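When the chains are written out, they are named A, B and C in that same order, and each has its own residue count from 1.
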Amino acid sequence: MALDEIIRHGFEFITLIEIIGTFAFAVSGAIAAIKSRYDLFGVLVLAFVTAIGGGTIRDLLIGNLPVSWLTNSIAIWSAIGGFILTVIFHKWFKEIQSWILFFDAAGLGLFTVMGIQVGLNADMGIGISITLGTITGCFGGVIRDVLSGSRPLIFHKELYATASVFGGLLYVALLTQIQEFWAQIFAILTVIGIRIAAYHFHLRLPKFSSGLSKDSLDY
Amino acid sequence: MALDEIIRHGFEFITLIEIIGTFAFAVSGAIAAIKSRYDLFGVLVLAFVTAIGGGTIRDLLIGNLPVSWLTNSIAIWSAIGGFILTVIFHKWFKEIQSWILFFDAAGLGLFTVMGIQVGLNADMGIGISITLGTITGCFGGVIRDVLSGSRPLIFHKELYATASVFGGLLYVALLTQIQEFWAQIFAILTVIGIRIAAYHFHLRLPKFSSGLSKDSLDY
Amino acid sequence: MALDEIIRHGFEFITLIEIIGTFAFAVSGAIAAIKSRYDLFGVLVLAFVTAIGGGTIRDLLIGNLPVSWLTNSIAIWSAIGGFILTVIFHKWFKEIQSWILFFDAAGLGLFTVMGIQVGLNADMGIGISITLGTITGCFGGVIRDVLSGSRPLIFHKELYATASVFGGLLYVALLTQIQEFWAQIFAILTVIGIRIAAYHFHLRLPKFSSGLSKDSLDY
């Protein structure tokens, strides 16, 4: 009875984070489209591909077809919700910047965990599963940036994928020790913590100075 | 017998539009490549991905593999035809600009209808099927623009995807009322009408002014 | 016994080329990322997608899922090796430029042959199989360029895809005449030869001058 309660609440809690995360990813896509001076349709598409792009690439790679969002109305409506609210409230988004950052980090954490779980369920190894988790969390944003004509942010800005990788490593380590539900919670909190710290303290991975000009070594 | 005749002619008519539409999409890809100063191979690839890109993404999402163009020699030869004719006649394309616009709109209409039909046949819901129709019609052009180094036109120029969406809505509404063949004809004509009107009268979806600078809110 | 020996050595030889080719492709991705001023994670991702991108697109198109690199630890470790060595030694890469060119050309040849073989094994026609070979060899580089914010090199620089296509045509022609192993060797050498000659003598496919401005004919 009590266990049943926990499982039920666990499920509801995870669903809640999925809604919030998908929503936040859609908002980040919609904002990128508005910044690129795209029209209403462009804003809708970028909201959508940012929210479902990572999971779509994961599903394609492992052959989980039709891809999951086609039959997941929670994801679809969360993305549409993020689109509509961005269109209405985008002028005030600077004021709620830290909320968006927080929700986006929560989405990154949840998508990472969900992607790893999909990998493990498909009998992939641990390294591949963590890779699939990072793809799920990060590659919606890569598609967003390519479609809005920018170089992908995750390749040259504050830590983002790194937060996903660390959360993923923690998750698979904890899975052997504690209940899945609590492993998820700790992993998601870790991703949120690293990501927000990275944003505020401008933590970045090292870059490389090189004597390579843009034209040398072109193959 | 008479019905049989209609079905046969219906089939031939749709095949004719498929040839023309694929051809027109290939031409638009080849022209984009020439404008980007790409070489012969680049022109070939862009002709091809523009012609078959939308259907490929649709097939991937729903798991219709191998993707349909791999076994569809009509599509392949139509795309190659568009490539060859563009290479030969590109200097005169300004003179036949309105013909290309018309064929491209016809292709958009047909691909939309074909994509919706594939979705319905795969037991997808109506909303998802219309989405798949729009993806089939529009995302070849998105790949074309990404590969030629531009921001996708359908996100910031005259109505294009909107024509596809409206035609798609009309199609599924008509399907319950009249024969499939006539529903296809009316939907395709609607797409052509909206698209050409949009081009000539510069109809666009609203855009958003925002206080968001390129650097703020980067996640 | 002797035949068995040849097969074994053949296999080892091909595996060796796969390692070298994947490694060289990863190096080219990592270098592109460093030139784009990406961070450590960006360098890793570009090394990876360049090395496995072409084969991934091929596997997706024909429905060979999960895509092969997910279960191919040779490919994964070769790509990681290319990443690590580039990070350590990128300052000296100008000195070994011709080695990288050679390895990259060897990878192009091998990936072409492997892609054709996958196509033939999946009962695709000869034309489609050669197309799949070229996709396997070339489209990792296309993804690399899109993700690093450049227009794909293979569309406007020295012959690259052309070398792959010619090697592929030779391969399928030889397959009917001689043993598969020797057909592979001759095809790979042909690709290497064409590619290196193209690089040194600046051989390019023709481009098109046109009166088409960037703004005309936008659909």
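In this text, a contact is a pair of C-beta atoms (placed from the backbone, for glycine too) under 8 Å apart; a residue touches a chain by one contact, two chains touch by 3 or more.
Remember, predicted model here, so these are calculated numbers, not experimental data.
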Inter-copy rotation, chain A to chain B, in degrees (Cα atoms; steps of 5): 120
Interface composition of copies chain B and chain C: same or different, split at half: different
Distance from chain C to chain B - Cα centre to Cα centre, in angstrom: 30
Residues within chain A bordering two or more other chains: 60, 63, 65, 146
Of chain B, residues touching chain A in the complex: 60-63, 65, 122, 124, 127-128, 142, 146, 150-152, 154-156, 161-162, 204-208, 210-214, 216-219
Chain C contact footprint on chain B (complex, rising order): 28, 31, 33-43, 45-46, 56, 60, 63, 65-67, 70, 76, 87, 90-91, 93-94, 97, 100-101, 104, 141, 146-149, 153, 157, 160, 199
